[in-house]
Amino acid sequence: MNAVATAVVRRESLWSKAFYKFSRDRTGMISLVFVLFYMLIALGVTLGWLASDWSDVQGGKWEGMSMTYWFGTNMIGQDIFSRAIYSTKTAFEVGLVVALIATAVGAVIGAISGFFSGSWIDEVLLWLMGVLDSIPFYLFVAAIVFAMQESPYAMHVAMISTFWTGSSRLVRGEVIKLRGLEYVEAAHAIGVPELTIIFRHILPNTTHILLVQATITFVAAIKSEVILSFLGLGVKDGMSWGLMIAESSQEVMAGFFNNFLAASVLMFGLVMAFNMFSDALQDALDPRKVS
Amino acid sequence: MSGQDNTALLEVRDLKKFFPVRGGLLQRVVTQVRAVDGVSFKIDKGHTLGLVGESGCGKSTLGRAILRLHEPTSGQILVDGQDIVGLQRSQLGVHRRRMQIIFQDPFASLSPRRTVAQIIREPLDVHGIGTSKERERRVIELLADVGMGAEIRDRYPHEFSGGQRQRIGIARALALDPEFIVADEPVSALDVSVQSQVLNLIAELKKKRGIAFLFISHDLAVIQHVSDEIGVMYLGQIVEHATVGDLYSEPKHPYTQALMSAIPVPDPTAKRARIVLEGDVPSPMNPPDGCLFHTRCPQTQDRCSTTVPAMVNVGSETNPHRVACHLQD
Amino acid sequence: MEILQYSIRKLFSGIPLILGVTFISFVLMVYFGPDKTYELLGKNPTPEEIAEVRVQLGYDQPFVVRYADYLRELATLDFGNSDSTGERVDALLARTIPVSLALTAPGFVLGNVLGILLALFAAYYRSTWVDKTIMASAVIGMSISFLIVIIGFQIIFASSYGLGWFPVRGWSVNSIGDYFSYVAVPTMATVFVALGYNTRFYRSVLVEEMTRDHVRTAKAFGVPPTKLFYKNILKNSLIPIITRIVFSIPLVIISGSLLIESYFGIPGVGKITYDAIVSGDQPVLKAVVGLTAILFVLAQLLTDIMYRAVDPRITLK
Amino acid sequence: MADNKETPLLSVQNLIIEFATENGVVRATDNISFDIFPNETVGIVGESGCGKTVTGLSILGLIPSPPGRIVGGSIKFMGRELVGLAENEMRKIRGCRISMIFQEPMTALNPVFTVGNQMTDVLMRHHGLTRRQARDSAIEMLAKVGIPAPAKRIDEYPHQLSGGMRQRVMIAMALSCDPKLLIADEPTTALDVTTQAQVLEQISKLQAEFHMAVVLITHDLGVVAETCRRAIVMYCGRIVENTSIEHLFTNPRHPYAKGLLDSIPQIRSRRLEELPIIPGRVPDLLHLPPGCRFAARCPRADELCNEQIPTLSPAGTHADRVACHHPYAAEPAGPAS
């Protein structure tokens, strides 16, 4: 009984409660540390402190692991470790850009579609989502790559244009649920304009979904980037784990695995950490558990 | 009461709200749910009309239609003699300030991510009333009016119990100093020991501020305490309408009588003949012909299934008691 | 009768989707797509030659006409000849689709069946170590890129550095035995990649159903656990399960096999699509996109009809 | 109890049930003890969160676990200990010796099977009937609970029935195996008043016909007054009063019981200026006061109440038991119960 009675009375918003819950989640915190570590690497690369020598030809062909070249060198003697580290930045850049924009676009369109559900606006937006979901992804990317004259951002645009539909459908469903709640009716009764209702009363209550969805999109973007780069549809100038794997696909049959392993291990670490972080976030933000 | 002129604060004339049901090959409207089917009444300044009926009788739809939260299908809603049906949303602004609503579910009626102060201030913000300082002061006054302290200003709704949330909801409704409030089942989600607290608060507001209420409830026992007149609804129509005194002492419509006798009485020694209705409420999608109640009425006659009974006044001119039943002819 | 009437209406309502898909892909792939004029011409072409090729390719026609041509092709399923091989597109598809089906079907079925079984296990032993182990493995599985799995499995199972049990790549299937040896590694890779996602999804569906009131009622009437699972949980969760399975079919056929086929050099739809992407072979791309859209409309129809069979509350209206 | 010659059908002793929540462990029931005798109808009354539903679920071993668990105490049914009983033994009791019906008739039945399918399952399992026999028996039961055209209704799905009908189906299913004890958890709360009257009447009628005991869990004292012989009043996980209906309504001894009784909305011949209330609100189960849980809202509370938890008094002359340091006086020489 005493343990119960001494539970601290905390003054709390939903966010601080979620934060508290997250901070007590051990796997969540460990994964967060990993994610932050990767983020620091990406930042270091961006600022030119790390792996700036990724494209220099330094050693011999296919050198093994050594103190100088931790993961050996590739076919033309570039340092594999540097290239793998540099690719972290590429992954983060693609992941962040795609996750943020796709989630934001999905949120706005989903909210509008849900708020006006049953009207023609919703019909049109649903149609658009259905259309984008029905075009085979790789074809769509290829088409955009062609249409954008091989711009380095073609891949980003392609991913954003297809990934927003997932968030959008989720937000739409949630908004339809929220729209019927009495506090939204109360806002109508007070005379709050419709757009204000959507953006001040409804969307803020979907942020927990959006946050989790953004982390899921982030992972999806990283994974797609690797495959697209492998297929030759993604990163062109620069380095990415996908390009390293593409390079290695010739090498593995010859028994040289360093390129493949370096890219795989780093990528697995990041995706795994992010997946766990996303799960922990979801647990902490789950409204059924929070309220 | 003292009828200076004949314009009531609110008058509803033959109000209808139908919801279309679609079907068939081309998703055409095949039928309609007649949620509110021709309701008329008046509410004078400072008066309370209690509206009672079972779930699905259309009472909540009616309350929302009056505030134009649902667009009425037809009929008139006169506020001080001016019809507000058909007004553009932008023109509704003035009326929004005069009419407010209190909701049933204390957990769904407050936005979970906003603080108490933000919630109560919002009507003032929207209508641009007062300076920021004045609004802050007003929030504290309003909280005091509903029996809560200023210290809860920055807290979130989920930190409060159902009864306290309901008080916050009432404070929000009062922020614009409305003359008329629709109270939609405001106590039915609350525990018994808290229900009376909220009912007392509403009764006090009515007395002190002269606010008129449309008080919607499924419970005849709850509604008695706060109402001046009562309308009994069945399948989208008002079947009986009288002052509180008359209705409870002499219910005329068989449905009202059944409703009253169905309420469990907390007195084990009371032995009374209960009218237990047979069957279920018919679907508002295809209501029965004739009297809507004839399928369940214990006193039904032949003509009930064919002719619609007219609303007749069985009371006096000054103290009307209207009922729609063939037995009253 | 009811179903027939419903199907017809549903197919009609799928038309806007097909129009949308074809329109967007037409604009992107054909209108802004690569100009093939110069590839077909020799060195130093004369303006007349250029004009002639453009007429041949239909580039001289206005946008609307070219799009309408595409729709006509789709309606008649006659997409002409492939730009790169000259083979008729319908023949090409007839040759490759069976290969893709044979390649993806085992992995797709196993991935879902195993996913549901693991999910049942995890849900049944909810919050015990069984559940935790299964779910942790699922997250690990989800974190490994498809690409890495394909290459890794190829090294492990097919290369001389690993077990060397199966052919490294290709598809020369003449007997059932050939089929199994060629399909093994791709199937293992697809199952491995899909299993994590599937298990997680199915578990959450099952757990949600487990917390419903009617499950408690059934328990209160002494229903034994196996029957509870089969009767009160599995049957009630069929709607999301069906949705997931049916809607992934169109994508599995095209996108799912693209990576596998191009990596293992298997002549299926994915491979020809990939080749068409790389070479800008528009007749093939148009056919693939159009057929995928039609598949989606059919999938929608199929799920609706299956919903009706599973849940009596749903009417085909 | 000493003054009662009968042995109890159900005997609950010192039952403690705890739930793990985000913010700590909560005691849903704290040392509750009561007996249910054969053929009697007992109401367990209280407001939301008082532990009445959990008590009902614990009898059938249906506490969702985790988060809940029985920490201590015993539940004896016909002399047999139910706490810790093996699942497969418990299953033989559920739906057969003890049945339960729930608050939400809309969701309590499986939506994808017909009413008949769900009813015959119970009969086939517990009575070993064939499907045919079970079906006949189910139709008979549906007729007994007043469902018109039962032979037709049996093949309908739950969503085709109204709320009242569904609750009757639940009752028919619950009684089909002739249980000794029926636990009804807020069976009419989700229903309209006129339907509530039908269902309550049905339960009373069947209780006599089937010679079973009924535990009616409800927040509505009006329902208790009309259907029960005895009432157990709960507050914050503890029993505050356990007494006959006559005594509870004429002479409630616990201040909470009295307050609850006064604040029931009822049609009055004259309108009151102000409705009687219980001031304050129910304390949070995570932050319970050290003494009597009602002390902060109680007009009779003093120092003692704030320090010491009152225990349920032993059975008095007419089996009234109350947990209060300063109960209202019992009226002398009430009619013998």
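Structure notes:
In order of appearance the chains are A, B, C and D, and numbering begins at 1 in each one.
In the analysis below, a residue touches a chain if its C-beta (ideal position, glycine included) is under 8 Å from a C-beta of that chain, and two chains touch if they have at least 3 such contacts.
The structure displayed is predicted, hence computed values, not measured ones.
Any chain bridging chain B and chain C, meaning touching each of them, is among A, D; the list is complete.
Taking the mean of C-alpha positions as each chain's centre, the chain lying farthest from the centre of chain B is C. Taking each chain's centre as the mean of its C-alpha atoms, chain A lies 49 Å from chain B.
Here the spacing of chain A and chain D, counted between their Cα centres, is 51 Å.
Taking each chain's centre as the mean of its C-alpha atoms, chain B lies 33 Å from chain D.
Residue positions of chain A in touch with at least two other chains are not found.
Those residues of chain A that touch chain C in the shared complex are 127-128, 130-140, 142-144, 146-147, 223, 226-227, 230-233, 242, 245, 248-249, 252-253, 255, 257, 260, 264, 267-268, 271-272, 275-276, 279. Put simply, chain D touches chain C in their complex at residues 60, 62, 66, 88, 90-96, 99-100, 102, 104, 107-113, 121-122, 125-126, 157, 159, 170, 173-174. Those residues of chain D whose C-beta lies close enough to touch chain B in the complex are 47-48, 162, 164-165, 192-198, 200-201, 219-226, 245-246, 249-250, 259-261, 263-269, 271-272, 274-279, 281-282.
Within the complex, the chain C residues that touch chain A are 16-17, 20-21, 24-25, 28-29, 32-34, 139-140, 142-148, 151-152, 154-155, 159, 161, 168, 250-251, 254-255, 258-259, 262-263, 273-274, 277-278, 280, 285, 288-289, 292-293, 296.
On the chain B side of its complex with chain A, the touching residues are 64, 67, 69, 92-93, 96-97, 99-101, 103-105, 108-113, 122-123, 126-127, 155-156, 158-159, 169, 172, 176.
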